[in-house]
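Written out below as structure tokens is the structure these notes cover.
Per-chain residue numbering starts at 1, and chain names A, B, C, D and E are given in the order in which the chains are listed.
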């Protein structure tokens, strides 16, 4: 029985061994190149391990981890994003000889490990463990470059306190759920004898509040712009992408494990509307690009949750594509920001500093515009198709209020994305910030690769989706009356269509 | 099992306090013996009443609370120190019969917890005194004690692993064949060192280090409050000795003689050994102490756990 | 073997000890001499600093190593708590549990090695290296 | 012979949690905020222990150990950041003085 | 092999090449002057050839649709690349091509800053427009619909005049926001079809057969209508248009006024009327009222403008009110009139914007008070201007008159009052057109007039050919009327169904 419990998906094994290896190598001899290489290698190996399917212990009742298509997909996304983020930080770390920064890739790897653990978990224990590994490494990452960014310590403190509060709320909720059901396996809490009816409701509410906190859905969103602004650009990307994917993935798994309380439906609808509108409205006022991306990421969480709340034939496809689109586009934006950020010192993320980019760096400016348009849901980027899928899923379930929020939010979103593009096209007579003129081949290459992904994904989404959903395997176990994504049916449908 | 008579509960702390008082005299006499001098020899037979005299002196000294100190905490600190030590004795089995708390199934954890709380006495005393020497001494003591608590806990694990229980009775009973000092010699050494450091006895009495810190954390204490720190330290020696006896030397087990006698005998020998250490060894530097702990004892105790586990697994009937 | 524990006696014992200590304190407060006015020397109202008149606040800023030690204690003690829970069931969990614990111990050792090499365990001032001059080789002070 | 029923423990936990939450929200001193945070976490841990006892299930205690580790780590990191803030010339522990980021 | 995908791809590829060619490193150190311009021109010529091929190719299938193309795209969503061409598409495609040439020949050669990007964006816009005219998969249609906005936005925002950023963002937000409503309508239709038949498809022809409840079909129709109304533009949602037209670079203005607006009209015919005939019929009175309002409002505002481009922009609102009126008049005549009006308006207003742009290039102002009496210094330009102004006010014998006349007839049958009001709009049209002509071309020359160069002869040839088109359209509209009628929904429909009014 213990051997059964110890089934661990291979990416987790690879990542944790890699972390240890890096720790040993740092202890042995500090070399940033070595650390970075180990980090990259580990991530690549872990990526290779995602597709490795163990036939036993997958859908068992009593496993801590589940390895299925959904987990594999989100893990692949997380790992790819982490590789990108490692690439983004590469040059900064190599250049910073004044301060030892070997811990940075270590923390990055740990954070990825935490995120991956959350994705695979089918039990509160590994979920919580992963969440906290991710959270604590994020705190470290945010504060890691405090020599350069004055606000980073403050940002990490803020993150620490707020994520601590949310962890405590989440934990209390989990505790209540455990008290109600007597099991730590994922299942929405139901009342059992000897327990008052309030407890499962309180448990579900607190768990949701905790997750919303971490996801930065609107009533609990205030931390993310500050934290992302305080962090260095790659770390901001990490917060916006990796941690959100991981939490969203576990949210999906959690609520696919059983029936959701009906009252939560209305609550979630309200939260989603608030999230979409709030995130977008907040973004309107921002003058810093990082803050803008933070606010827009709030809005994107709203769109994702919208798909989550619209179960049906189209839901799973919508979630899968939207996650990919969001990841690729956001990483693209951040890679351009990194490529332009001045070396070391305060990163020029003020939107005003981007004036005239179309004339000084046309290539990067075009990539940036494409990414922003993709985020706004305009063709030819993949974001267009993704938003389309979300809307389709919602229309199918006739979530009229959510759709209204989607339309209003998209228009507002369009405004601020376009505002950035407009700024880039304003010819700047007096160049205020001299951009880092050095050539960053790896960043440009990364941006280019992401662009190709975004464009090809936008033009030929089928090509992108097909490898992700190659066989009719249940991504998410589905029980009756759930609001879980019905990827199974959708995929069988897709296969049916693809096969000649 | 029936509860111990109330009288026993009342007498136990008094007995320990008396023992500790006596120990102050014993130590000075033994030190005199080993250092070729007399020690106290005027009051009573062999100076035996010297301890009583000291006690009376303390009782009649001025009950002084410095005006610059944090009053409440200043008073509380020595009481905490005394309390934790005395409470620890509640789970030590002197004989096979019973200790005060009976066969507490988490006895060892209880003792560790009490030792952890003991740190507060020192820190609070140092902090509440509002004096530089006291603060430095308190911080040193805290750093030293919490460090060595880690190694102490880890070194105990070997014993717990073999026994499979945190109960001190079970541990003693498991030694009927072979005292744990043999299979757990590594753990024994670590535990002994950690015990000395935990009670900040010489040679590890750096928190008090009179040549650099005045009297360390109790620089500003006098009268009975100082006396309580003093007594707590001696009671601590007895406690650690009793603990080592229980964990590694077979507790009350032994041939011919009654169990209690064996226990007292072993504990007394260990106490004498502690005093011998004081007489024989010079005091290390503070950084040497910390280095010894983190760089030697911690790896050793981890090694001990791994080795014990391996042996246990190899010998376990599959 | 003997399955008897007696929490109630423990509580009684604790109460007795507390009363005893209170008595000691109270007794000394009653019996102790009192000094008032001129009899109370001026030096008694000052922190003891080997006879020198104290300056500055008594609350010093302490070296960061104290903080580090506190953190290491917190972390390693919590790790020890994990080992404690394994220690009582070594043979029950079998080779799998043993392997897990061993991995855990190795991880602990690795992190210790990391701390060691990172210099977090170095207490006291770092040895200063006198740079080499014409007259002689550099050496550690 | 359970001395305390599950509901008693739950009540204590809720009270602790409320105390901690109030502390985090009301106190402006970073150290006290960290301490209040730990109180909240411990309240959650208490729920797990109580629930584990109720179901005679060990996983509650496992979770308790995890929470213990989390609380320790969080405190460690939090104190480190406070030290860092201190070193950057913010002698006060008042959370309101953090104004580099517009909230 | 159907030429339709080539029609879409050629401008896109041409644009990409034009962009690359402009970057010096791709052609060696020596930069060829006007390289991207030449490539653009070549792409347009190629496109014309393909269009000729498409026009005179014998349809592979029987039936009114001229050409088809299908390829799988996203099978899991039931989305395919489906292009179909009927007379309506073809005539609008021709309009696109015809207007593209003067754009490229007359307006873009003087672009010096980032010429490659400019031509790329221009061709990308054209790609989007052509795709919109051809797509019969609803997703594909929406894709192209959105696609044409982005390059247009950049064109305005980067190469426009003083207030370009505001104008560009306004343009984008209005069209995109309304586009989202259309997206929801599309999805609603698809999902309704899916629930009814269990088949997930975005195919126009399949979806047309969906049975909808009256209220649902009304809602869906409105979603489409709002999107197209913004594009057309219809009065309450026209706000973006004057700014965008005024601030856009000349070529952008021509594209906007000449072709982009026609996608709105095209969409109304193709989707509102054909997909939801009942709902459209019920909605017709409101739509017609909006049309009349647009005619009057646009004309009235035109009279009050001093900015030449702004004046023309408002006149567009007025003229496109006729299109709306015609489309929703419910008769075949009205529909034909609307189509003719679209083509004629495209030609004449496009040309007017060209001329206004040329004036601005020469005099650096668009204020009519500062321009005056150009006839003496620039007789050719002024002559052309006079012709197109007169054409746009509806001079009999020119295309605009034919369109407006047909629409008026159709409106008269439905609502005489509307027709009367519309005629009042025509009077106003005469006033503002003649005011403009009078002020700019005929008034006495201003004293401080700088010496300027007139249009060269080759420009006049191009403008002249447009004039010929307009004249032919005005004098002999019958072939266009029969040719450009939208084909019915079913590919295999009997020819006689064509005759039935929608």
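The rule is simple: a residue touches a chain if its C-beta (ideal position, glycine included) is under 8 Å from a C-beta of that chain, and two chains touch if they have at least 3 such contacts.
Nothing here was measured: the structure is a model prediction, and the numbers come from that model.
Between chain C and chain E, the least number of touch steps comes to 2. The chains in contact with chain A as well as with chain E do not exist; no chain meets both. Seen from the Cα centre of chain C, the chain whose own Cα centre is farthest off is E.
A centroid comparison over C-alpha atoms places E as the chain most distant from chain B. Measuring from the average of all protein CA coordinates, the nearest chain centre is that of A. With each centre defined as the average position of its C-alpha atoms, the distance from chain B to chain D rounds to 32 Å. Chain centres here are Cα means. That of chain A falls 26 Å from that of chain D.
With each centre defined as the average position of its C-alpha atoms, the distance from chain B to chain E rounds to 94 Å.
One inter-chain figure worth recording: chain D and chain E are separated by 65 Å, centre to centre, where each centre is the mean of the chain's CA atoms. Counting partner chains per residue, chain A shows two or more touched chains at no residue at all.
Multi-chain contact residues of chain C (touching two or more other chains) are listed as 70, 77, 94, 116. Multi-chain contact residues of chain D, defined as those touching 2 or more other chains: 73. Every pair of chains that touch is listed here: A-C, A-D, A-E, B-C, C-D. Against chain D, in their complex, chain C makes its touches with residues 64, 67, 70-71, 74-75, 77-79, 81-82, 85.
Contact residues of chain E toward chain A in the complex are 72-78, 113-114, 117, 139, 142-143, 146-147, 149-150, 153-154, 157-158, 165, 168-169, 172-173, 176-177, 180-181, 183-184, 187-188, 190-191, 194, 200. Of all the residues in chain B, the ones that touch chain C in their complex are 1, 3-4, 6, 9-10, 12-14, 17, 58-64, 66-68, 75, 79, 82-83, 86-87, 90, 98, 100-105, 109, 129-136, 139, 142-143, 146-147, 149-150, 153-154, 157, 160-161, 164-166, 169-170, 173, 214, 219-220, 223-225, 227-228, 285-287, 290-291, 294-295, 298-299, 302, 305-306, 309-310, 312-313, 316. Touching chain E in their complex are the following residues of chain A: 313-314, 317, 358-359, 362, 369, 373, 378-380, 384-385, 388-389, 391-392, 395-396, 403, 406-407, 410-411, 414-415, 418-419, 421-422, 425-426, 460-462, 465, 490, 493-494, 497-498. For chain D in complex with chain A, the residues that touch the partner chain are 6, 10, 13, 17, 20-21, 24, 30, 33-34, 37, 40-41, 43-45, 47-48, 50-52, 54-55, 57, 59-60, 62-63, 66-67, 70, 73-74, 77-78, 81-82, 84-85, 88, 95, 98, 100-103.
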